[in-house]
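Okay, structure first, notes after.
Each chain gets a letter, A, B, C, D, E, F, G, H, I and J, in the order it is written, and its residues are counted from 1.
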C-alpha cells in the first residue's frame, strides 16, 4: 500500500474524482516521510465529516481532528479526504468511527503516534466527543500516548448547543 | 443492568417517551464496549441540565460535562438523556447532583475513569461549579484521577454574569 | 449540623415563593411607571426559559429577550420570573409560547411597544427562533413596530449547534 | 398539501424515518398559523446542510438560515429537516440550492415574506454565500423585501478559512 | 453651575478625593464646549457602576454607557466619576437610576442629545437593561431621539448569565 | 465573453492550472444567471488576496469581500480565483486594486449592483481598508448603492494589530 | 464558628438581609461535607467584588475566583456572598484582600486545598491580579498547592483595558 | 499642499525618518485621487495613537478609526502615520485631538466626507470615546454626515476595562 | 531602596506627577511584603507600554505582563507605572527592554520568582514576543523557573495582524 | 554568517529592498545575543506566509509561529522577513517548508531550542498544521524538546473553515 505516483496522476487526470459513498479504507494512500530523522507532528483539521446514525438513519456531523507523528510513511492528504468522505452514507456509532479511523491509519502508516478527536453535533440536547489515541506498542510512544491521555481535555470547551 | 436491545426498541417504538420528572437512576442503560483493548475517552456535553433548589424551590440551571474511559460497559446516550432529565423536578444541592451522577454512572458501567463538571448559573451574584472525578480503586486509574485533580481548572473561564 | 426539613419549610413560608409548575399568567404583577413623560426601553434577558414539547414531552430550552416601552404600567420583575417559570412543566410550541408572552404582557401593562424573541436549542439539527412584536393599535407605535420588523435580524448570529 | 395529523403520527410511529437521499420537495408538510392576526418572524437555523457539487461530485457544506413571516400556513419543522436532508446526495450549485428552497417554501406556505441565506465552506480559498429573499407580489411585502435587500450584509463577518 | 478652574484645582490639590457615598448630583461640574460649531458625540464607558436594591438592600452592578452631543457645555469626566460613585450606597431601582442620570446631565449641560444605557447583572436568573434617551425639546434633536429609539437594540447581545 | 462550457472543461482537464502571476482580467469567465426573475445577492469571501506594494515591492495581504446582485450574467468562481491570484506578483495601491476589481467585474457581468471591500494588514502600525460600490447607472440600483454607502461600516471592527 | 441553623433561619426570616458594610468574617457559615470519602473541587465565581483603596478612598472592582477541596466542612454560599459584600466599604490593598479571604476560609473550613484569584480593573493603565493558594500543612495537599503554583497562569489572558 | 513626488522620495531616501514629537500638521502630504468619478470609502485603522493628558501629563492611549470619501485629493498613508505620531508628546484633551484630526484632514484634502472615532483607555474606571464627522458644506454630503450621526454607535461595544 | 512613606506622600501631594521621558529605574519604589509566610503570585497587566525603535526611531507598542512571587519586598504599583512610562522616549530593542525590566525588578525586590512577557505590535508583517523568567539562584525557585520555561506558550495565540 | 552592520546599513539605505521570489536562506542574518547568561524565549508571529503547492501550482497560505531560546546568536528580524518572503513563488509541501525553516535557523543560529508551527488554510475542506521542534543534541535541550512534544496541541483550536 505504498505511495504510487502513477495512480495519483490517474486520479488527478480526471477532474470528476469518484467519491465513494460507503466506508472504504482502500482509498488511503501513503508516501515516504523524508524527515524520519526527527519527531514532528502533522495535524489535519476536518470540519466536514458526516456519517449516518446506524439506529435512526439520520445524518450525523462532526469536526474531526487527526494528529500524528510519522515514522516511515505519511498519509496523502487528498486520499485522506476521499477516505473521510467514504463515511458519508455509512452507518456507524460515533466512537466506532473514531476507533476505525485510528485503526485504518495505523494499518496504512504504522506511525510513531496518532490521535483522533471527533466533536459531533447534538441529538436530543447532548453531543458526544470521542477521543482515541495510540502509541506504537513496545516503544516509548506507548508512554507518550498515556501521558497525553491523562492531560486530555482538562478544559472542556463551552457548549451551549447554539 | 446490561444492554437490552428489546427494551431499547420498545422505548423507541413509542415516539412519546415518558420523561420521568423525579430523579430516577433506573432509566440508565449500558451496552458493551467493543474497543476494550484500548483506553479512550468519551465525553458528553449536556447544556440542558436543570434541577430545583432544595431550600427555595427555585429552578437551577447548569451545563454538565461528563467524560469517561470505559471498561467493559458504556452508557447508552438516550438513556443518559432521560436520566439527566429526571433531575428536572427534583430538589438537590449543586455538589450533591454532581456526586450522584458520578456514583450512578460508576454503579452502571464500572468505568476505568470518570469525571463530571457542573457549571451553574448564578444566584445572588455568585455561581457554583463542582468538579468530581473518580479512578477505579486499586488500579492505575486512581493515580490518573489524582493527576487530573491537581491540574483541574488552572484557568478559570472569565465569568461576568452576563 | 444536619439539614432540617421542618425548619426550612417554615422559613420558606415567607421566603419560599410558591413556584407554579403550569402556565399561569395570573402571577404577573404590575406597578406604576413614574417616568410616563418619556419613551424609554426596559429589557429583560431571560436565559433560563424551559417548557415541554407538546408532541414528544421532551423539555425545550430557550433564551428569551423581552423588550418594551411602558405606558402607565410596568411589569414587576420577580412576578415575571414566576410567570416564565410557570412554563416549566407546560407543553406548548415555540411560536405559541412567544405569542402568549406578548399577549399576556399586553393584557397586563397595555404598553406603548413590546417585543419578545425566543432562541431555542436545536432538535434534530435545527433550532427555531420566533420573534413577535406589537405596537399599541391606533397610535404611532403601530408604525414603530412595523419599522422594527423590517429591520429584524438582518445579521443572523452564527449557529453551529455547539 | 394541508397539515395532516394522521400522516404526522404515522411518520413518528416508526422510529426509523426514511431519509430520502435525493432532492424531494414532496416531503414538506404545512400546518395552520393560529396567529394570523399578527406579523411575526420564525427563523430556522440549519448548520447541517450538505449537497454535492454538480461539476466535481465533491460534497459541499453550508449553514442555512431560513426566516419567514407566515400568512395562513407554516412549515412543519420535522418535514423541513427531511426536506433539507434530501439535498444530501443531490448535485446542485450553491445559488440554485438557495433559490430552490425559497421557491419550494413559497409553493408550500404562500408566506407574507421569506428569506434564505446559505453560508458555504470554501473551495480553493473562496467561499460563496448566496442570499435570496421574497415578498408576496402585489402586497406591501414586496417593498419589505426590497428594504431588507438594500440593508443586507453591510457588515461581512470576518472570514479567514480557519 | 459653570466650569470652575479653582474648584478643580482644589479638588486635585488633595490626593484623597472625598468619595460621596449617597446620591449627590451637586458634584457634577461642566466646562465649555469649544467645538460648538459642530455636532459630535462623546461617549463614556462606565463598567464600575454599583448601587443598592431599594427592596432587599443587596448591591446591584451594571455597566453604564452614556453618550451625548454637547451644546454649550460638557460634563467634566472626573466629576462624572464622583457622581456615579455617589450611587454606591444609595438604594434605587434600575430604571430610576438611568432616568435620573439623564435628568441630572440634562440639568447640568442642556445637551443637544443624550442617551444612557444600563446593563445590570442578573438577580434570580433575569437581568434588566434600561435604555433612556432625550433630544432637546422644540429642536430637530427630538426627532433624532425618536429615530434612535426605533432602532434601539435590534440585536440583543447573547446573555447566558455566565 | 460569455460562458463557454468547452473552455471550462479544457481548464479542468489539466490538473495543473496555469496560475498567472501578473494582473490578468482576461481569465474571468461568466455564465448565465438562471434566476433573472429575482434580485438576490451572491457573496465571495476571499481571505487569500495578496499583491505587491508599488513603492517598496513588499507583499501586501488582504481579505477581500465581493458581493453582487447579478443581472444576466454571473462570474464563474474558479475563474474568479485565478483572476484574484493574478494580482500575486503585480504592484498596485490598495484602493486601486479594489477599484480595478469593481471595474473588471462590471465589464464582465454588467451586474445590477456590486461592492468590493478590502481589509489589508498593517504597515507601520496602520492598516487601510478601501470599500467601493456601484449600481447600474440610470437604474434604481444607483440609489441602492448610495443607500449602502451612507450606512457603510458604522461599526468599525476592533483592530489592535495582533 | 460552626454552622448555626437558628441563625440561618433568623437571617432568612426577614427577606431584607442586613448587608454589612465593613469587613466581617463572622458572617461566614459552614455546613458538613457529606462526600468526605472523595476529593473534589467546588468553585465560586464572584464577579461582583468591590472594596475601597486604602490610599485614595476610590472604589476598586474585581472578579474573584475561589476554588477549594473540602475536608469536613463546606462554606455556605449565601454566607459567602454576605462575607464578600462586607468588603464593600472597607479599605484594603488588592493582595491583602485575597490573602485575607484565604485565611478566613481556612479558619472556617480547614479545607484540604484552597485557592483565591482576584482580577482587578486598572488604575493608571495597570491592573493587578493576586493569586493565593494553600494546602493543608503536613499533608499531601502542600505538594498539591506547590504543583499548582508552578503551573499558575502560564497563559496570561489578553488585557487591553477595554 | 499638493502631492510632491520629490519630497516623498526624499523622505523615503533616509531610512531614519525624523519622528516629530509635538503636534505638527505640516507633515501631512496629499496625492491625487484617480477615481474621482466614484464615491468610495478609505478607512485607516490606527491602534497606536498616544498623546499626553494636558492636566496630569500622563500618557493617554487610543485606537483611532479614520474613514473618508475622497474628492480630488487623498492623504498619503506614511505622512498620516508621521502626523499621528506627532501627538506623542503633545498635551491635549480627547475630544480636542479628534476634532483637530478632522480639521487638519479637511484642510489637507477637502474631502466629500470624513469621520474620526477615538476609543481611549480608561482613567479612574471610565473611558471616553469621541466621534466626529463632517460632510462638505453646501453639498449632499452634509445630509450624509447627519444620517450617519443619527445611526452612530447604536450598539456600544462591551467594555469591562480588562 | 526601601519603601519611603514620606516620599510617597510627596509624590501624591502634587497632582501633576513628573513623567520621566527616558528610561529611569530609580523611580521604582518597594514596600514590605506582609505575607512572607506564603508563596503567592502578583501579576501586573500593562497594555500601555511604548518605547522607540533604536534603528528607525519609530514608536513601538506592547502589552507587558509582569508576574512575580515576592520575598521580603514588593514593588509599589504607581512607581511601576512611572518606571514603565520612562521607556516612552527611550530607544531599545524588544528583547533588551524585557530583560532590563527583569533585571531592574530583581535589583529592587530580590523576589523568589519573576517573569516578564512582552507582546509587541508588528512591523513589516511580523510581531515579536520576548518572554524572560528568573528564579532566585541557589534556591528551589531556579527549578521553578525552568519548569515554567518548558511549558511556556505551548498554545500560541492566533495572530492575524488585525 | 555573522551579523554585518555594514550590510544592514546597505540594505536599509535603499528603501526598495529587493524581495527575492524563490527560496533563499542566504538572506538570513544573525547578531549576537547579549543576554547569554539567561535562557529566554523569543517568538515571531508571521501571519503572512505564502508558498506554492508543488503539485498544482496553487498558492498556499499559512500563519507561522517561530519560537526559540537563543544561544550565542539571534536572527535579525528584517532578514527573517525577507527569508520568509522568499517562499512566495517557491513550490514545496507544507511539512517540508516547516522542516526547512527549522533546519535553516539551526544552521544560522545554533540555538538552544527552536520550534516552528505552520497553520495552513484548507484545500478540499481539510487544513494541515505541521509542528516541528528541536533541542541542541547532546544537551539538556533535547529532553526539553521531547517534553514540549508530548504536550503539544492537546487543545486543538476550533476549525470550521470560515
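To be clear about the criterion, a contact is a pair of C-beta atoms (placed from the backbone, for glycine too) under 8 Å apart; a residue touches a chain by one contact, two chains touch by 3 or more.
Since we're looking at a predicted model, the values are computed, not measured.
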**Request:** For A-C, find its twin among B-E, H-I or F-J: the pair where over half of the contact pairs carry the same residue numbers.
**Result:** B-E
**Prompt:** Computing the C-alpha centre of each chain, which chain sits at the greatest distance from subunit D?
**Reply:** I
**Chain at maximum distance from subunit H, centres defined as averaged CA atoms** = B
**Item:** Where subunit E and subunit J are represented by their mean Cα positions, the distance between them in whole Å
**Value:** 51
**Item:** Between subunit D and subunit B, distance of the C-alpha-averaged centres to the nearest whole Å
**Value:** 36
**Centre-to-centre distance between subunit H and subunit D (centres being mean Cα positions), rounded to whole Å** = 45
**Contacts with two or more other chains, residues of subunit E listed in rising order** = 12, 15, 45, 47-48, 58-59, 61, 121-125, 127, 151-153, 155, 157-162
**Fill in**
The answer for subunit C against subunit D in the complex is residues 55, 95-96, 98-99, 122-134, 146, 149-156, 158-161
**Asked** In their shared complex, at which residues does subunit D touch subunit J?
**Response** 58-59, 61, 119, 121-125, 127, 157, 159-162
**Request:** Would you mind writing out the residues of subunit D in touch with subunit A in their complex?
**Result:** 15-19, 21, 45, 47-48, 50, 52, 55-59, 61, 85, 88-89, 121, 162
**Message:** List the residues on subunit J that touch subunit I in their complex, please.
**Reply:** 12, 34-35, 38-48, 63, 65, 67, 69, 74, 77-78, 80-81, 84, 117, 144, 147-148, 151-153, 155, 157
